[in-house]
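Read from first to last, the chains carry the letters A, B, C, D, E and F; within each, the first residue is number 1.
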Amino acid sequence: MTDLLLQISAVILAVSIFIAVYRVAKGPSMPDRVIALDNIGINLISLVAVVSLILETTAFLEVMLLLGILAFIGTVAFSKFIEKGVVIERKRD
Amino acid sequence: MTNFVILPILIPLLTGIILLFFPKKVTFQKVLSFIASVLLVIVSVMLVFQVHNNGIQTLELGGWQPPFGIVLVADMLAILLVSTTSIVSLAVLLYSFYSIDAEREKYYYYPFFQFLITGVVGAFLTGDIFNLFVFFEVMLIASYILIVHGGTKVQLRESFKYVLVNVISSALFVAGVAYLYAVAGTLNMAHLSERIGSLETQAPILTVIAVLFLIVFGLKGALFPLYFWLPASYAAPPSAIAAIFGALLTKVGIYSIFRTYSVVFVHDTGYTHQILAVLAALTMIFGVVGAVAHQDVKKILVYNVIVAVGFVLFGVSTLTEEGFMGAIFYLMHDMVIKGALFLLIGAMVVVAGTSHLKDMGGLIKHHAQLGWMFFTAVMALVGIPPLSGFIGKLLLVQGGVSAGQYWIVAAMMVSSLLVLYSMIRIFLNGFYGKIQLEHANQYGSTKGLLLPSAILIAVSAGIGLGAEMLYPFVATAAETLLHPEIYIDAVLKE
Amino acid sequence: MISIIVLLGALLSLVSAIGLVRLPDIYTRSHAATKSATLSVLCILFGLFLYFALVDGYVSARILLGIVFVFITAPVGGHLIARAAYHSGVSLWESSIQDELHTKKKNQHSSS
Amino acid sequence: MEILMSILAGVLFMAGTYMVLSRSFIRIIIGTSIISHGAHVLLLTMAGLKTGAPPLLGLEAGTYSDPLPQALILTAIVISFGVTSFFMVLGYRAYKETGTDDTDRLRGTDSYD
Amino acid sequence: MKSNDVILQTATKFVLFIILAFSVYMFFNGHHEPGGGFIGGLMTASALVLLLLAYDIEMVRNILPVDFKLVTAAGLLTAVGTGLGSFLFGVPFLSQTFDYFTFPVLGELELATALLFDVGVYLVVIGVTLTIIQTIGEDQ
Amino acid sequence: MLTALHIAIVAPFIAAVFVPFLYKKLPKIHTGWFVLTIPAILFVYFLQYLPVTSSKQTVTAVWDWIPSLGIHFTAHVDGLGLLFALLITGIGMLVVLYSIYYLSKEREALNNFYTFLLMFMGAMLGVVLSDNLIVLYTFWEITSLSSFLLISYWYEREKSRYGALKSMLITVMGGFSMLVGFVMLYAMTGTFSIQEIIASAGDITSHDLFIPAMLTILLGAFTKSAQFPFHIWLPDAMEAPTPVSAYLHSATMVKAGIYLVARLSPVFAFSGEWMWIVAGFGIVTLFWGSFSAVQQTDLKGILAFSTVSQLGMILSMLGVGAAAIHFDSMDDNLYIGATTAAIFHLINHATFKGSLFMMAGIVDHETGTRDIRRLGGLMTVMPITFTIAVIGSFSMAGLPPFNGFLSKEMFFTAMVDITSFQAFNMDSFGVLFPVVAWVASIFTFIYSMMLVFKTFTGKMQPEKLDVKPHEAPFGMLLSPIILVSLVIVFGFFPNILAYTVIEPAMASILPSLLGEGEQFYVDIYFWHGWTIELYMTMGVIGIGTLLYLSLRKWVAVYDVFPSSLTLNHIYDQTVAGVEKVSSQLTGAYMTSSIRHYLLYIFSFFVVALVFVLFNKDAFSVDGATAPISVYEGVLAAVLVTTALVVMFTRSRLKAIIGLGVLGYTIALFFVIFRAPDLALTQLIIETVSVALFLLCFYHLPQISRKLENMRFRAGNFIVSLAVGLTVTLIGISANSSRLFESIAGFFPEASYDEAGGKNMVNVILVDFRGFDTLLEILVLAIAAAGIFTMIKLRLAGRNDL
């Protein structure tokens, strides 16, 4: 029972990711894609968690945390890129 | 000394790392690289004798027995090539002192150079197929940078192509390792050899993998029809770099084919080696056709690099003792003489102010030494005895005849003749002929540029005249390759 | 029990995904993507934490850290994107009623 | 699963190859990156999938997945990162210097006379 | 267009410590749990990248006045250096060893030369990532 | 062991090293005087061997070069070798003497000239005195080289370079072919020693390689000896200074081919192919050379074709002489005479042709031209030269009482005799030999007369000459005078040669005829009686005179041949054609477009692998596979979709984001496949890469749609699909044939116990395979330094050399 529910959750999460990928492909604007990407990152965390449950292992805890960190950094980078055209700024004035 | 085998890798590696700290101290860089290169020559020659006296030398890195850890294997073939590499690299280094401009020197030229040598030497010495991949990458990334070093337009243009092709071939390499691991479950070449050699049943998939590896190494080693990237990219960088490329880089690919096709993929030689033989023949023909087609001295020489690939691999494909010995002799010869020729052509371009044959002429009037050295080197390249190319060619012909590959022997001779034609044209139109007056006032100087080539030509003559002294070493090398058991026993110590 | 929490989280994520597709403009989509997705991941991580705590008796600081981290960063990320979208000129849904930033900026512009 | 993953690796190779064959720098570089992904996936697949617990002894499982390919892939990933970043900068510089990102305009002058 | 990044910068200060702490944890625990020199190094680097994103190059340079190329070289030297020790002891190159020591405060700890090697890896990864990003960032 | 003999052979090389120093240090003295000592000493040295060889002894001295490969520097002096050695040193001496007066020490680069000449001399000695085929080959190639250098001595002249290249290409081609032949001989007999090969000659005649070996070796000999159709290099070689022509291109080098044929006769001569090929090529060359000589207008041109023709004559005699081997003993052996004639004529030719070349050189030197249309009436101003010309030419034409007459008579005898040989169809088709020989001799007569009378008689045309002609200095005349004296001496006393030189040489060529302690008896005499040969000679003189006098009327015959069919034209066309075809071919595929290159590479990848896969029947789908969960399937769909999006998008940013998604999905697969370290690494690296992509490609333009049309993309798609399929097919097959267990079982136990780590992947990275990791960070470091360099170091606009 537990396992079935977990499998269903995994499928749902995977489908969510798929939908988000659709958004990435579709756009229409760049920020749309970045939001979708952010969403994919978060869903990935969930999916890894579910997979950890399915596999009953603690090996992937770091992966989840890292995903969180990276999704954040990625989002920051993209939004800066969209907003300012540069990712890393030189001396601000 | 336990760690003797790793010294040829460690010396350039450590030198390069130390040099990374002091990019702007050019004199220090020169001195240290020179010392390292000399040391490398000494150590590798010592290793040759050690291998000769005590058999194959191995080093289990980290103390882990193969096939679990990485093992360095200095068998005779590897260490002979390492020695040749060390000599060529020393000569090229000397040439660099006078030919590389100061800005380049300040931007890590010497460290990159040392790292390139590290990669080349390591690829020769490793006994693990994945480690071979890693050494390839070391060598390649250093070569990418050396090609683009300086960032002129033509360098950027050609290096883009060069990098692209090599990145793809690296990916294919990984794919090849993947397949091989699936089938054979191990990475150590001796272990692979043992496992594949023990097969009783047919393993057709291994043949496919063998061909895949042929493609991967063929891409690095410029085998037909995979060499297209080579001519332009080798002609783009400064002569010293072109020399080290022309002399060494393709040889690593060839060596890898040599190694895998004599030690690992020996289950279906009638099939795989016939493919290799045909490709080798096509390589020599197409290579020399390219050389004849060009009027640019650098291009002519670059295409001749391809011809040599065909020669050596033909020797490999014969699976005979003569063929193997011929391939080894020819490989060593080609490293030396291609290095010399690239350096000489470099000096020639410096004094002529152009690399196009139509714009030069009569150089021998003012640069007789250069001219005669070039002539001698060409003769060595073509295989005129008693210079170095001859002995390899003789053995290759013997191997071809005893393997019954008459057509390929004929192709070899035809391409030799055309090699002669393509190269002697440089001599006739560049050194001989009417002096081109419009360039007369800007003739450059060959100061410091001739000594390195002189060393290499002397080595070439030494290989030819002193073939008897070299013979036992080469024979041992061929022996090891013909009998993989020797290699397996030395590595796995069973 | 735990699987139900997880399933809940998964469903939330589906909701946010549907929102991501169905909602009309970037700003509303951003809302769906960040808010409900954050909730979904918190649910699932909490489920995971409970599972290890109850089943294996293993209290993982890393999961807690993860929860905290997502909690902090998700809103910041959402904010940044929305701002970037706005500044790069992505238009609002036609049915939006107010655009305060726009008027503010205009004022700034005219005053300076 | 292995067959599925082989197909996925094939798809990655296909996508990468297709992009590499196009004319703009950035697509080519992305293409090489995808091909490397394909190779890594292939290596993992070829080692056999789902054969045991993650290769961490702390988990005290009965069987573990083959750790060797994982280590190899890790090495390969890092190397391909280095190479890809170099390649990217190369593309960037080539664009700045030659003023084009079209490989067809990068032919150069090769004369055969 | 000028815009303020107060929210980002505030969040960054906070997040940065989490990341750094976590990366150090992953680095030291790498021998037993997922992690190690690579991952630790990359995480530290990404923390610094975040810093670069939130602030600017000069700012980061003021905080960390280090030539990352030298960090790279130092890392390489460390990694090779662990191998060089083997010359002294007459064992194969890169032989690693480990033992358990009891420390006054920390209790029994495992010390492995592999860790030293990993330090080299760690340094190289940080050095490389930041060299690349800084160099490109400066060029734009 | 190194002996005096070896030193004698390499002495010229050693001397050659000192020539440049002498030239530099002692500019007052003509370098030739120093050089002269070398052939002189060597000539005397080799004379000492005459008694040895006359008593049918041979001298052998071995010096190891590469004994492991059967390559010994074995010096072997027998009759044949000594004959050539004496020719080389003797004529060499005269040529050097002549050159001292011919080449000005003020204007010419004598250091080069004499270095090359000495190199040649040493090489030539090496060829004729080596018993080892490989050593012979070594010296053989050096003769080609030094010939090249001597022909192109005046390197600023276009024609010199042309001639040099031509001679080198043709002779080196022959050399390569010969090398293959030698290797085949080695494959049959297991030795490179000529004497040993001769000893085992009987065993190899039925070997498969026998005929190929013979043909390839003969190709070498024919190219060197300028046999039809390879003779075309010789006329162009006349661009060399005249001493060189006299030495290399008439007396010595061109005879190396004849030497080789003679030397290997005992090996091959038993076969009919040998006889027909050698004799046939010889006789055709004889005719063609003499026929072509008549149309020449350049003195040296006439001499060149004459040399071609005479070489053909010697060769045909050697070929015909092979008939003798079919008899067990010398008694009543009708065919021995041919070999005798060959050797005798070889010597005669060296004497009269050498003198004629020197004569031509003198005329050239003193009048400034060699064109017979501009010359005439020199008899009165250059009487000595005229005398030399008369003696030389008449000997060449085969007129009594000169030595040429004797050998010509013997030649006719041999040609007539062969028609009675009862094997290899000689008795039927062999009749062509005397007929062609006779016709060729008529032309020989004509051009010999032209040499003398066009140059020295008739009216002098001073207006056509740049300088006022006068007789040459005595020193210059000395060498030709010595040579023509020999012409006369050998004419009257041919048996001086018969006992000392010819008999021992024959013993080398026809060893099988000699029993224990036997020797040849050669007796050459003038008067044979009223034989058919004498009638033939008379016919030659009669018809030849008529034709010479009516030359103007029939010379138009030569115009019948279209110039596009001449061999020279064919050579030029071939060389130009090779270049042109090469350019076109190379230009066709070396487009310098990376896309094309990649297409070739990928196509080859697909074709080769798919071919092998199915040809070897390696494709199979079975073997254990892990189960697939639904969510994994969905994720696979995500991966495929993303890949397709990235493939077909035209937006740069979309492609980069797509790449990021791709990387993250792959990381998720890593999680599913229990690889936490991989997932971690992949995630971070993907993020950093994406950041770098953004950094780098901000400035690049959008991917334009216009650039890539449908066909372009369809082609790419097909290729990439094929690549993907190939990878998949091999992957499935490899998965289905896991032949061996993985070595993975070792790691779980060893990781903690021996390496002290619980994370196996990390333990492998830092310990088991720490070396990989070390190199991997090296790659990273190099990449970083490289990126730094690439951004900072810009030598743009600099032209790199």
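Just so it is clear, contacts are C-beta pairs under 8 Å (C-beta built on N, C-alpha and C of every residue); 3 or more make two chains touch, one makes a residue touch a chain.
Every value quoted in this text rests on a predicted model; they were computed, and no experiment measured them.
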| item | value |
| --- | --- |
| Given subunit A and subunit E, the chains that contact each of them | C, D, F |
| Most distant chain from subunit C, judged by the mean position of its C-alpha atoms | F |
| B-E or B-F, whichever has more C-beta pairs in contact | B-F |
| Interchain centroid distance [CA atoms averaged], subunit E/subunit F, Å | 64 |
| Separation of mean Cα positions, subunit F and subunit C [Å, integer] | 80 |
| Chain centre separation (subunit A, subunit C; CA means) in Å | 11 |
| Separation of mean Cα positions, subunit F and subunit A [Å, integer] | 70 |
| Multi-partner residues of subunit D (at least 2 other chains) | 16, 20, 25, 38, 40, 42, 45-48, 53-54, 56-58, 68, 72, 74-75, 78-79, 82-86, 89-93, 97, 103, 106, 108, 110, 112-113 |
| Residues of subunit E touching at least two other chains | 1, 3, 8, 15, 18, 22, 26, 32-35, 38-39, 43, 46, 49, 69, 72-73, 76, 80, 83, 93-94, 96, 128, 132-133, 136-138, 140 |
| Subunit F residues counted as touching two or more neighbouring chains | 583, 586-587, 590, 592, 594, 598, 632, 672, 674, 676-677, 680-681, 684-685, 687-688, 691-692, 695-696, 698-699, 727, 731, 734-735, 738, 742-744, 747, 758-759, 761, 765, 767-773, 776-788, 790-792, 794, 796 |
| Every chain pair in contact, whichever chains are involved | A-C, A-D, A-E, A-F, B-D, B-E, B-F, C-E, D-E, D-F, E-F |
| Residues of subunit D touching subunit A in the complex | 53-54, 56, 59 |
| Footprint of subunit E on subunit A - complex, ascending | 59-60, 62-63, 65-66, 69-70, 72-73, 76-77, 80, 83-84, 86-92 |
| Residues on subunit E engaged by subunit B in the complex (per definition of touch) | 69-70, 72-73, 76-77, 80, 83, 86-87, 90-96 |
| Complex interface listing, subunit E residues touching subunit C | 1, 3, 7-8, 11, 14-15, 18, 22 |
| For the subunit F and subunit B complex, residues of the former touching the latter | 64-69, 134, 137-138, 141-142, 145, 148, 152, 155-156, 158, 161, 164-165, 168-169, 172-173, 176-177, 179-180, 183-184, 186-187, 209, 212, 575, 578-579, 581-583, 585-587, 589-590, 592, 594, 596-598, 600-601, 604-605, 608-609, 612-613, 616-618, 727, 730-731, 733-744, 746-747, 750, 767-772, 775-776, 778-779, 781-783, 785-786, 788-790, 792-798, 800-801 |
